[in-house]
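Presented sequentially are two complexes of chain A, the first with chain B as partner and the second with chain C.
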Partner chain A sequence: MKQTVSLAPFASPFAGHVEMSKFRKFLPPFLLLSPSIVLLLTFVHIPAIHTIYLSFFSTPKGRRPSKFKGLENYQDMIADPVFWKVLGNNVIYAITTIPASIIIALIMAQLVNSALPGRPFLRFSFFLPVVLPLIAVGNIWLFFYLPGFGLIDQIGSLFGLPNTNILGSSETVLWGIVGVSIWKESGFYMIFFLAALQGIPRDLKEAAYIEGASNWQIFRRITLPLITPTILFISVIATINAFIRIEHLFSMTQGGPNYNSALLLYYLYENAFVFWDTAYAIAQSVFLIVLLSIIGIGQIFLMDRRVHYQ
Partner chain B sequence: MPSERPDWTLRAPPKTWDEQLEIAKKLTVKDASGTVTQYGIRIPSAGFPSWLFSGIVYGNGGKITNGLGTATFIDSPEVIDALEKLVALSTTEGVMRPGILEWGATPQAFFEGQTAMMWTTTGNLTNVSKNAPFDWGVAMLPGLKQNGAPTGGGNFFLSKDLSGDELSATIDFVKWISAPAQSIAWTKATGYVSPRAETYETAAMKAFLAEFPYPIIAKNQLQYAGPEFSTYENPKTVGIFNRAIEAVMLGEKQPAPAMKEAQAAIEEILKDYR
Partner chain C sequence: MTGNLKNVNVIGAWLLGFLWLLPLLYAIWAAIHPIEYQVRFDIFAPLTFFNFKNAWAQAPFAQYMLNTLIYVTLTTSSQFVVCALAAFAFARFEFPLKNVLFGLVLIQLLIHPEVVLIENYKTIRFLGLMDTIPAISLPYIASAFGIFVLRQTFKTVPKALDDAALIDGANTLQILRHVYIPLSLPTFVAYGLVSISYHWNNYLWPLIVTNSDESRVLNVGLAVFSMEEAGVEWATISAATLMVTAPLITAFLIFQRQFIESFSTTGIK
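Take a look at the complex of A and B:
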């Protein structure tokens, strides 16, 4: 009955015909979706396809117009040792920042969800990094990391530790960036976990207590399964962030020294807007889009089987 | 501009690289556990190490580019030797903090006594004069074989398509911004060298220099200075040069192979422009 009513304005003299009933069934949702389809096509899908097309051409330079190069931009990318270095950096960055920030976020959410004294203050301080722009966070940490008189060296010197040059050595600079990212992102993910924890019905936990379950058993058997949709959501967001959030590199290291802290998008930016080698940057963009699509879709498929939606 | 902490160095600043090294060794202070509490010297390198490094190359009688933007000479013996000497400061000699050193933190390191001497931009002179909590001095950059220095600054470009009012207005603006009145204010506020020689002949500048003479050292050093690295596709070529210097300073590569590799990569880009 409900459907007939909603379709009434689209009723036609051919009602009852199989083709037309299909048409009538799909037309209203299509019309309702069309504004967003038009917007997405214009600003996302068509530019993305155009980008793939442009990746087969050379960079236009002064007198020399762009010409067809086939797969040459991609061959250059494969032959570029810096590309592999920054990709490697990005993989290390992703596989360290994502699990670390998710685990810390979950611990913080548990803390601020329990009846601790000073809970509003804790919530505020855990959330504070989220409201700061990443570029400003980079500047703050730049001072923490300063060799000799930065916060870390000042604290270290109290315990007789030698001075560090975290952002000035190839072994440590990437870890300096990883630390900033974890500090910045954990508070953001905490908000989602906090919402998820508060959505867990209290009677489940009470029933478990009556049955004599320990805190760990409650967390393992009740909390964790019920927040898996949130974990999936956060891990997708975190993976994307690990590849697209690079503002701190601008204020801290400019990807240096010698590309030791450069991430894929930063190198792409450098090729596009510092070297003006736009064709090469476009090929890298296509690589990044494909990589993120595979990771995103893969994550959803892989985790969907283990996720318990309520 | 190397600036030094007081003691005896103020009266006799180093004139050559060897003198600088000797003084830096004497000014490197270690505590009981062997940790360095004051380094002898600091030459900042973050982001664009090639800039101050080119001053060392000029002091070594070398060249970095052909001046036409179509060729570089960064695999020449003078450049490689200069790089070896620079890296030795923080490795074998142990008078400079190892790793890449920030520009912004360099004056602070000087004020805090973390380094006894520093090389930095003339644009820091006013900052040092206002904030150094001790007596200090300025000297020309000590060279390996002779005096040498890099030059910096920016350029005004006039488009060839300009004409009529636009062209004359553009020229007026460039004349105005480089005129003595503007330059003196700029030099007083920062320490930067004024772009026109006539500025140094004005009464206002003479009065300022009579009170605070250090900016004249940078101006007098200009006769030994060489041009900044500049070629076609400069962001790319100078990037290759900078990253190669960083790789050597980080201990990832040896000076000679790093410079030869960088020269070959730059050659690949510049060959299209000859």
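Take a look at the complex of A and C:
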């Protein structure tokens, strides 16, 4: 943005007393908006609409153009046992990581918000995973889980427990991924609780304390009701994250063994860019677009309230 | 709170803090010790730089670092310009279809880049930008979130300041540049920090649109390195992982408060 730029129509948008045509009056805001609108149309709106449109066509192969297939891609999706397995994984992943990380985040926020010694250390330690790339986090945890050598087995062997193979076994691999996600996300949610806790008037708690309320009663009757909007807000973000944050799968399991740790977006990526079955991947994209839009409408609603009342 | 209960809390809190650092401490241990000490925790184990040198020699991390810096700088600075212009229009102008357009912008909060990546991949290929750094940036530049938070901030700027600037003969862009932006710097800093860490951590889209070392970012480079070197010592991968994350960890150590405040005020990763 150079200072020397001087576009004639920009000269006096606020000068209401000057007679000007509607065109001249409305040109400046449209000029200001044009870069955003062009970019959003190119990378958001048109791709989204085109994705829905293309989901009714087959994948073009070589010289053969794509053909209209109606709902066939969706029928394939419904008939694909892997899709259901992966969707199931994603639901389990969401309903375990979200409550667990919200509860841990709330505990963290209470600790960081209290008068305990060493608070800067706690805040640093809890929030650090948030700034680390999920790919790197995956690498670190891979070592943590390593059969025989990882810290989990090292600690287990102190108590005479047998070696584990958390990421190698179909039954446990998803829990291994859940653990990483809880570690990564809790600190992020903590900061919202921290802001909410700091917004609770001190005299409310003091009054309750004088009345002889226990710590648990203060938490249950004062803190919890006042932070409920924050819990809702975090739940929405967390649900979206459970569907789009999948990078740790790349460095830890590649969805395996046998799709037991694959999540929806990972499966979509694999169909699109490994198997090059674009038509099928596009049908899955539509599924995700619809799913995330429903969740996201809730997010906008909550975000609006947050901004207004804080 | 009784003294005993408080002590239990302190110990519990520190344990949780330590537990949370453990994965990283373990990776640091592996990276700075010779391979035979990988799982032998001896305080007097000799220290070594070998793992870092080894990782550095096996992949062009300097190139990845440079690419990442260019990508992050390009993205965040373009977002500042594009989003500030749009936010200014929404905050201070009345024009037809204003609400419809604002709604169209907000739709981006629903359509995450991840769910349209197949179409965006085709667009980038069509534009002839495959395997370039601008290709990684482009889909993120018009950020609904940036527009939203900047609009909220711009709305709090007193209108009297506009009038004063107008009397001084300033045009629209000058008012934005000299009145609105200086008064909204904290929001720019907050949004900037969030955007930088988002893009430093971004993986899926950069993975798809880049395929050579000339344009790969750190995350993709690290993933490729770790997968190719699957048979190689953990110590080397740990060292590489630490090299990749070191700038972020350092920045976080220095700007801890700003980071946390930014994330909580803008509320998005």
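Note that in this section the second predicted complex is superposed on the first by the 248 of 310 C-alpha atoms of A that agree within 3 Å, B and C clash if a C-alpha of one lies under 4 Å from a C-alpha of the other, contacts with A are read in each partner's own complex, and residues count from 1 in each chain.
Quick note on the criterion: a contact is a pair of C-beta atoms (placed from the backbone, for glycine too) under 8 Å apart; a residue touches a chain by one contact, two chains touch by 3 or more.
In this text the structure is predicted, and so the values were computed from the model without any measurement.
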Quick one: classify A:P229 as touching chain B (first), chain C (second), both or neither.
neither
Is A:D277 in contact with chain B, with chain C, with both, or with neither (first, second, both, neither)?
first
According to the stated criteria, A:T42 is in contact with first (chain B), second (chain C), both, or neither; which is it?
second
Which of the two partners, first being chain B and second being chain C, lies in contact with A:F149: first, second, both, or neither?
both
Using the superposition described at the top, determine whether chain B or chain C touches more residues of chain A.
C
Chain A positions within both the chain B interface and the chain C interface are 146, 149
Mind listing the chain C positions that touch chain A in their complex?
1, 9-10, 13-14, 16-18, 20-24, 26-27, 30, 38-39, 81-83, 85-86, 88-90, 93, 95-96, 98, 101, 104-120, 123, 138-139, 141-142, 144, 147-148, 152, 162-163, 166, 171-174, 176-177, 197, 200-201, 203-204, 207-208, 218-219, 222-223, 226-227, 234, 237-238, 240-241, 244-245, 248-249, 251-253, 256, 259-260, 263-264, 267-269
Can you check the complex and tell me which residues of chain B touch chain A?
33, 35-36, 45-47, 97-102, 105, 108-109, 112, 114, 233, 235-236, 239, 243, 246-247, 249-252
Where on chain A is chain B touching in the complex?
146-149, 160, 162-163, 165, 167-170, 254, 256-260, 270, 274-277
Chain C partner, complex, touching residues on chain A are 1, 3, 5-7, 10-15, 26, 28-30, 32-33, 35-40, 42-48, 50-51, 54, 107-108, 111, 114, 116-118, 120-137, 139-141, 143-144, 146, 149, 151, 154, 183, 187-188, 191-192, 194-195, 215, 233, 237, 240-241, 244, 246-247, 250-251, 265, 269, 272-273, 278, 281-282, 285, 288-289, 292-293, 296-297, 299-300, 303, 306-307
